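What follows is a pair of complexes built around chain A, which joins chain B in one and chain C in the other.
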Partner chain A sequence: MRDDPLSTQECEFYQKSFRENSRFDNRTNLEHRDFSVMFGKEFGTCYVTLGQTKILAKVTLSWSSTRENRKNSGFIEMFISKGNLGSTKAEPLKLEGRHLEMLRCLEYVIRETDCVDVDSLCIRINETCLQLRIDIHIIDDFGGLCDAGSIAVIGALKHCYVPMYETTAECDYIYNDLYKYGKPLTVFHTPIATTFGLWNDTGICVVDPTNREEMALDGQIIISVNNRSEVCGIYQINQIDINASKMSELVKIAEKRTKYVSDVLNKTLLLDATNRKSGVSVKPFHSLIDLNSVNTFVL
Partner chain B sequence: MAKVVLPGDFIEDVKNLPSVPVIGRGLKVYKNEIISTQGGIFCSGKDGMYVDVCSKRYQPTVDDLVIGVVSNVMVENVKLDICYLENAILSTLAFEGATKRNKPNIKVGDVVYARVISTSKFLETELACIDKDNCARGLGVLPSGGMVFKVSLKHARRLLSPKCQLLNLIGKEIKYESCIGINGRVWVKADTIESIKCIVKIIQQSEAVPDCNLKEFVDSHINLTKGFCKKEHESME
Partner chain C sequence: MEIDLNRRKVLTNLGYRSDGIQRQAQGSVSWKQGLTELRCSVFGPGPCRNKSRMRREEVYLNIVVNQLPFATRDRKRNENTKRDRQQKSISRYLESVFRKCVVTELYSKSQIDIYIDILLNDGSAMAACMNAASVALATASIPMRYVPTTVTVGYCDSDYVLDLNADEETKNVCRLTITTKNGTDNIVAVDMQKKCETNVFDQMCKFASKESSQIHTILSATMLHYAETCIGLESRF
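Presenting the complex of A and B:
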């Protein structure tokens, strides 16, 4: 299927709103959209809504053999759901465009910056380990995929529990949740991505653009910063011109955003743990389905 | 009369009808029986019958007035995206006063208001910007400076209905131009960006507002845009 084309008048309208610092949804150029985090009934599931973008992330730990190049640690694999529910352009067997960029950006941030302690996932050196599998389902795509995706993945990692296991000289025992409770996954830091849309001719920078605003801008920069103000990754989409002082300003904006998102995530995790301890039933995900809401599928 | 029908429901036998009616949207004649193909509210009159369907995907019909975005410009034809599976074809000679030596200036990305003159499931949809008298009557390339957005098809038909007062209520407060296509695209043009944004939000969010509450809804949104609440407005008067 084809995406809805951006007409010239719509493009000029968005660019004019960028110039006047008053965007279509009444945001200024440096304001983010509201987001909400929701954890599921199973450990390791996190559902994030950023404006109208909806992403579900699920973390699964399974028993596997170690890899040849790293014999004393587990490994992380990330997959993005290839269904066409999230966008009209997403085809079942093809990753292209925004989704591939989102996967590359998140893979780098989660895996290469040592976000998760993969050494503790090793059960027996050179033989068995726990494999961490992260599935990301793009339910609705209204721009800001990396932002919502990073929040969902970090939330799912923090919500995940390692199954309890024992090792003896002859064999290993891995228990399920009914027998023994596990321990939380060790997460060292929480990198959160922030997307900036850039406009080359005027030097205007737009924070958290929607999918229509993305088409009216020249390119994007995705800056991942963790809660200790360390830059974990900078990903650039399309050819854009930016100087060092502008980049440092963007990093400062991303730092403030990361602190806020980390606070909200920690509060939500604490609330979820309190609800589970006191026996309050967790609201299932299907209650969020609203048939009257706007989505990009058959828009 | 109005009743809810589901796909596959039997409506009427063809022989029982007094004259040849118009079998409209959502209905199909199958072996001398009229069967509904879409779920919705069945409406019938003396001229014909149809099903009022709430949907977002557009299906072209002859004599529909649609808004399309130019996606490709060729020598004799222009390809338009009208929210359908395939792009529609619009001949460059189908404009008012257009000849082979005097073709209209159309670029990719322009917004065109056109009429569907031919459609079938085997061929591409054909559009035209003139009627049989070679007059435009408002069709053609829409002027620049506006904003194009999408609403559901049911809402577009509601806006085009003469009973709907939403556009009149907006017009009392803001001076604007608008063009509503039956394919769910709406074009709005006003003096300032704030006015355009206000009108777009009113049209988009009024889908869930019933007709009797439209006046309060429009007043509250326009007051929000002007920056004061209703009480302050009344006290100022």
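Presenting the complex of A and C:
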């Protein structure tokens, strides 16, 4: 099944709200939705809510053999799964167009711009390495998948610990206790994606559109900027028609958003580290059931 | 049957072409940009073969990009080229531009096939495929709203370079492929590889928009030359 098609009245309603710079959830055209970041009990798990979009990312390091074309480095694999939790119209094993777009965008930004030090994941040249596997679970889908997905993946990578290994002439030893023996994964920079919806006829640009607003717009452009003011990737969905100077304005908006998101992410990581060090028990993810107090029952 | 070579091409009532020349493709071009060489063929507009992809008010664009095994210096096996990541990104890039560029209201429930074979890949393959496809669509007499002009810009050693080749692409150089409308400032497609600073990115966008008028001159001259010699239109310039 697919999403419900956008009716003409709904489309005109959204376009009128774009023209009047006042969206239906009380935002202007250049405002983002609120987001929150939560880290799990296991290392390398990160849960991000952006408005009503909920994404869980998990990073796992496992022992593997090296690839043929790159003998002295590990490799990154990325998988996206969307279950039936968020929508009754979702088919279990099929990636729809928007989720496939999200996977392409995130995979390019993480893999091609040297976000993670994959050379240090090699144990023996041409024989064994550590494989970095990133699983992204889309729990609820209300638009802004690339934004929330990039925050979740970067948070999971920064939260991840590499297991300590020891190499001798005969064999390799890999120790299991991550917190005692492991070291953090080397992350060079943090690219954060920002989605801009474009309405080509009027030249209106909308920041962080929801899934219904995406249907009323002509196309989207996703700009990934890292915390060192570098443009890491530009991904285009459907048709765009934009000026070069307008593109500069969009890059500046994405740059400001990246600084804010990086600050929040670093504060959350520091808080999680101090909680673990001082022995405070880390809340598991099912405690998020407290958030909506009307529908929950906590004994 | 006798073939009248001077007969002009006409469109029937349904918008399909009919002429007496026995050629397989309705439009084709052989494009050579530096050492990058490719062939592009356009079939259609014809009836949709795959009914699930037929659209009521638009034409369905079937774009297949195939890089031959001897196109790069490292030979690639033939069974993997159809699932290659680069060819999928090129065909996706072409489709995002031509779905708006081609006047699709004239050919509802129809299909246009664009086949591109890359014979030699010496860098800037995406820009070459886009320019070749736009010329091939023009030779197929398919109406377009504008001429999509594609240019590749890089930033290397504090200088902006244009139309990179394969040796320059293997370096850690930021590359930006921009498609503009008729060589003007309006950007209709962007593709970026590697990362660069925001100031450099702004300058690269302006540089690409400025330099794409050169490519537009070449493209329009090619289309006009084909119109004069093959279709028989008189020159109005």
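As a convention for this text, the second predicted complex is superposed on the first by the 278 of 299 C-alpha atoms of A that agree within 3 Å, B and C clash if a C-alpha of one lies under 4 Å from a C-alpha of the other, contacts with A are read in each partner's own complex, and residues count from 1 in each chain.
Everything below uses one rule, namely that contacts are C-beta pairs under 8 Å (C-beta built on N, C-alpha and C of every residue); 3 or more make two chains touch, one makes a residue touch a chain.
Just so we're clear, the structure is a prediction, and the values are computed from it rather than from any experiment.
In this superposed model built on chain A, chain B and chain C occupy separate space and fit side by side. Look at A:13: by the touch rule set out above, it reaches chain B but stays clear of chain C.
When the shared chain is aligned, chain C comes close enough to touch A:244, but chain B does not. In the superposition on chain A, A:77 makes contact with neither chain B nor chain C. In the superposed model, A:172 makes contact with neither chain B nor chain C. Of the two partner chains placed by superposition, A:127 touches none, neither chain B nor chain C.
In the superposition on chain A, A:5 makes contact with chain B only, while chain C stays out of contact range.
By the document's definition of touching, neither partner reaches A:119: not chain B, not chain C.
When the shared chain is aligned, chain C comes close enough to touch A:252, but chain B does not. After superposing both complexes on chain A, the closest C-alpha pair between chain B and chain C lies 11 Å apart.
Contacts from chain C toward chain A in the complex involve residues 96-97, 99-100, 181, 185-198, 201-202, 205-206, 208-209. Remark: chain B residues 56-57, 69-71, 81, 83, 85, 107, 109-111, 142, 144-150, 187, 193-194, 196-197, 200, 208 touch chain A in the complex.
For chain A in complex with chain C, the residues that touch the partner chain are 112-113, 191, 219, 221, 225-226, 229-234, 236, 238-244, 247-248, 251-252, 255. Residues 1-2, 4-13, 16-17, 20, 22, 24, 26, 292, 298-299 of chain A are the ones that touch chain B when the two sit in their complex.
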